[in-house]
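Worksheet for the structure shown next.
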Amino acid sequence: MHVEIGLSHYLALSAIVFCIGVFGMLTRRNGIGVLMSIELMFNAVNITLVAFARYVTPVEITGQVIAAFTIAVAAAEATVALAIVLLIYQHHRGIDVDRINIMKW
Amino acid sequence: MSEFAAIAVFLVLGVGFVLFNFLLSNLIRPKNPNPIKQSTYECGETPVGPAWIQFNVRFYIFCLIFVIFDVEIVFLFPWALVFQSLGLFAFVEMVIFVGILMFGLLYAWKKGLLRWY
Amino acid sequence: MDTITLVFFALALLIITSALFVVTSKNIFHSAIFLIMALFGAAGMFVMLEAPFLAAAQVLIYVGAIAILMIFAVMLTARIADESIIHTNEQVPAGLAIALGLLAVILYGLWNTPLTIHGGTPPSGGGHKLGELFLTTFVLPFEVVSVLLLAALVGALIIARRDPGATPRPNDQSAEQTGA
Amino acid sequence: MLELDKLIGFVGAQIAALVTALGLGPDWVTLVQLVVAALTLIGFASVMVLGLVYAERKVSAHIQMRVGPMRVGWHGILQTLADAVKLLQKEDITPSNVDRAIYFWAPIVTFVAAFAVYAVIPFGRGLVVTDLNIGILYILAITTFGVIGLLMAGWSSNNKYSLLGGFRSAAQVVSYEVPMALAVIGVVMLTQTLSMVQIVGQQEKFYQWYVWRQPIGFLIYFVAATAEVNRTPFDLPEADSELVAGFVTEYSGMKFAMFFLAEFLNMFTVAAIGTTLFFGGWNGPVLPSWMWFLIKTLAGVFVLMWMRWTYPRLRVDQLMGFAWKFLLPLAILNILITGLFVVLF
């Protein structure tokens, strides 16, 4: 069996990881668990970006630059979101996101 | 990319070495477990409640500042690699980049968040 | 099967299994550990894609910072590490349907899209090229990143700090009222 | 015989010939060579740690006007070997309410994080397993797994001392990682490369050592590295008077030994990185290159030991305040000054 690993393999892998992330984001009750799923989705997108950088623009590695920015955004998102989770925990003594409906009218 | 094969080998063999040691030790060491020996060590007292207790937020505050500065470091490395060839302009860009982030540190400092107690 | 293929499938297996454990594990600390494994696998993928600098950045930021922050957050919200709490909501069938549907759509799109691949020698990957791009073409996003980080830092600090004087908690207020 | 790089070249060629004779391809040759290299370094690391533990006990003893271990072998030289054998046959107690899987994997993660660094350290001219073009960044990245390992140990033990020790240690290590990385960036600004081998290659002459051009950077690195490996005066995670043994409280037998091994490996690592970045690595006259590397690195290790038995321990608030309010601004200042010098001159 000889398989030449190419762009489509990376894209397929990325799609699978992204969908696992979507599943986790929808079904997790725990706020931190939801955040972890979102990080998985970020990573799936990053794999896509780097794969495109490798196979479509191998010399001008634009995709890698965007991936680097994605990592920075993910870090910023994680700090703020986790701080919010902590605040929710302090107020509700729990971080079950399904019960956080205070913003609902 | 091929030079990273060494890293993979080192990771696998590192795990292998530890597991080998565990196995070797498993073959020659005594095994006499009893409930008191297996209880949680708390200087002889009986432990009260689980150890997974709630933590002080101070640890978290420092970790939070660390995350932001870690990202800064990762962006500083590519700059440090090329700024000589790009001259003064690149240097000024970095001064702005670092300067903006220093406001964050200054903010944390002024609000007393860098104090441990 | 050549080495590249073998390594790719090994890494893909690692990433997918860890990702599955991240979203299904009962214990949130285990989820965090599996998340670290998935992120490390992704870093391996970056190495395969000739982006070693990005791989190191990924490990440094995701594993070294974000994952640790998450573990700290897990500790600060200790009760949720308790496995007896139901960890998924009632949306499991719906979520599964949505995720599988999305996967089917993406894979269908992938199958039917002609991918144009351009050849060329990638840069050495030591980060030089990345630095050049940061400081020339992408200089504005580069500076905006620092503003974003500043905003995130200040915002997160305001939210996370526990300052009893500034933001009295409900039970503190009631204690004061009964005292008065 | 002292030309180790020639010996290694010879062994490598022999392995290649042998593997090719077995009818296997070039990938297998590389694999077998790497496995042999890794096993050699595992052996080197184990022997070195035994030596370092012995040295630590002797140094501490003589600083305190004692004699230290004297019984096993000449001047107790086999003492640590005896201790290792003893640890091997110690009963491995797993407390009943630990999180078993994570409790088991924590020492493995910690050890591997410490050991994987050795793949890129240039031990001498031509004596490096792999010369990554992101070498120093790789070291910074892979060592963060050490933090994960100690958090795993602290959390899984289900013990209040372990947890507090683990989290305190993690907070300390990450706090000092920032000034340490910034000090490294100061050097990278001058070297324009991340490869360890090239960094050493740029410091051939005594006056080219980066310590002369980065004195502040070196001091920051030295302090931060001491804190990274939890040595006194920064050994709060193992403050035995308040936390028993920190995150290793519940560990015994071989699992404990792995944490111990990783700790000493890390000590050697930070000294080796300091040597590579600031003191010219294996460059030196007359003696073979690997000997110069070992002399410089072991001198660094000795200073770490010397400090341990000289300075008292800091308080937690002093520790954190020092990292964020003093070292971090100083490191940023160092980068700015370096940049200004490079741009202007």
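For the reader, a short list of remarks on this structure follows.
Going in written order, the chains are labelled A, B, C and D, and every chain counts its residues from 1.
The criterion applied here is as follows: contacts are C-beta pairs under 8 Å (C-beta built on N, C-alpha and C of every residue); 3 or more make two chains touch, one makes a residue touch a chain.
Only a predicted model underlies this, so the values are computations on that prediction, with no experimental measurement involved.
Seen from the C-alpha centroid of chain D, the farthest chain centroid is that of A. Across A-C and C-D, it is A-C that has more C-beta pairs touching. With centres computed from Cα atoms alone, the innermost chain of the structure is B. Between chain A and chain D, the centres computed from C-alpha atoms are 33 Å apart.
If each chain is reduced to the centroid of its CA atoms, chain A and chain C end up 5 Å from each other.
Separating the CA-averaged centres of chain C and chain D is a span of 28 Å.
Computed centre separation for the pair chain B/chain D is 15 angstrom, with centres defined by C-alpha atoms. Residue positions of chain B touching 2 or more other chains, listed in rising order: 4, 52-53, 55, 57, 59-60, 63-68, 70-71, 73-75, 77, 80-83, 98, 108.
Across the assembly, chain D contributes residues 132-133, 137-138, 155, 163, 167, 170, 174, 177, 193-194 that each touch 2 or more other chains. Along chain C, residues 2, 48, 50, 52-53, 57, 60-61, 64-66, 68-69, 72-73, 75-77, 79, 126-127, 130, 134, 145, 149, 152-153, 156-157, 160, 162 each make contact with two or more other chains. Because contacts link the chains in a way that matches no line, ring, star or complete pattern, their graph is best described as other.
Chains touching one another, given as pairs, are A-B, A-C, B-C, B-D, C-D.
Interface residues of chain A, counted against chain B in their complex, comprise 68, 71-72, 75-76, 78-79, 82-83, 86. On the side of chain C, the complex with chain A involves touching residues 1-2, 4-5, 8, 12, 15-16, 19-20, 22-24, 28, 31-32, 35, 38-39, 42, 45-46, 48-51, 53-54, 57-58, 61-62, 65-66, 69-70, 73-74, 76-77, 79-80, 85-89, 91-92, 94-96, 98-100, 102-103, 106-107, 110, 115-123, 129-130, 133-134, 137-138, 141, 145, 148-149, 151-153, 155-157, 159-160, 162, 169-170. On chain B, the positions that touch chain D within their shared complex are 2-7, 9-11, 13-15, 17-19, 21-22, 24-26, 28-33, 35, 37-43, 47, 50-53, 55, 59, 62-63, 65-66, 69-70, 73, 76-77, 80-84, 87-88, 91, 94-95, 98, 102, 105, 108-109, 114-117.
Across the complex, chain D meets chain C through its residues 27, 99, 101-102, 132-134, 137-138, 140-142, 144-145, 147-148, 151-152, 155, 163, 167, 170, 174, 177, 193-195. Looking at the complex, you find that chain C touches chain D at residues 2-3, 27, 29-30, 33, 36, 52-53, 55-57, 59-60, 63-65, 67-68, 71-72, 75, 124-127.
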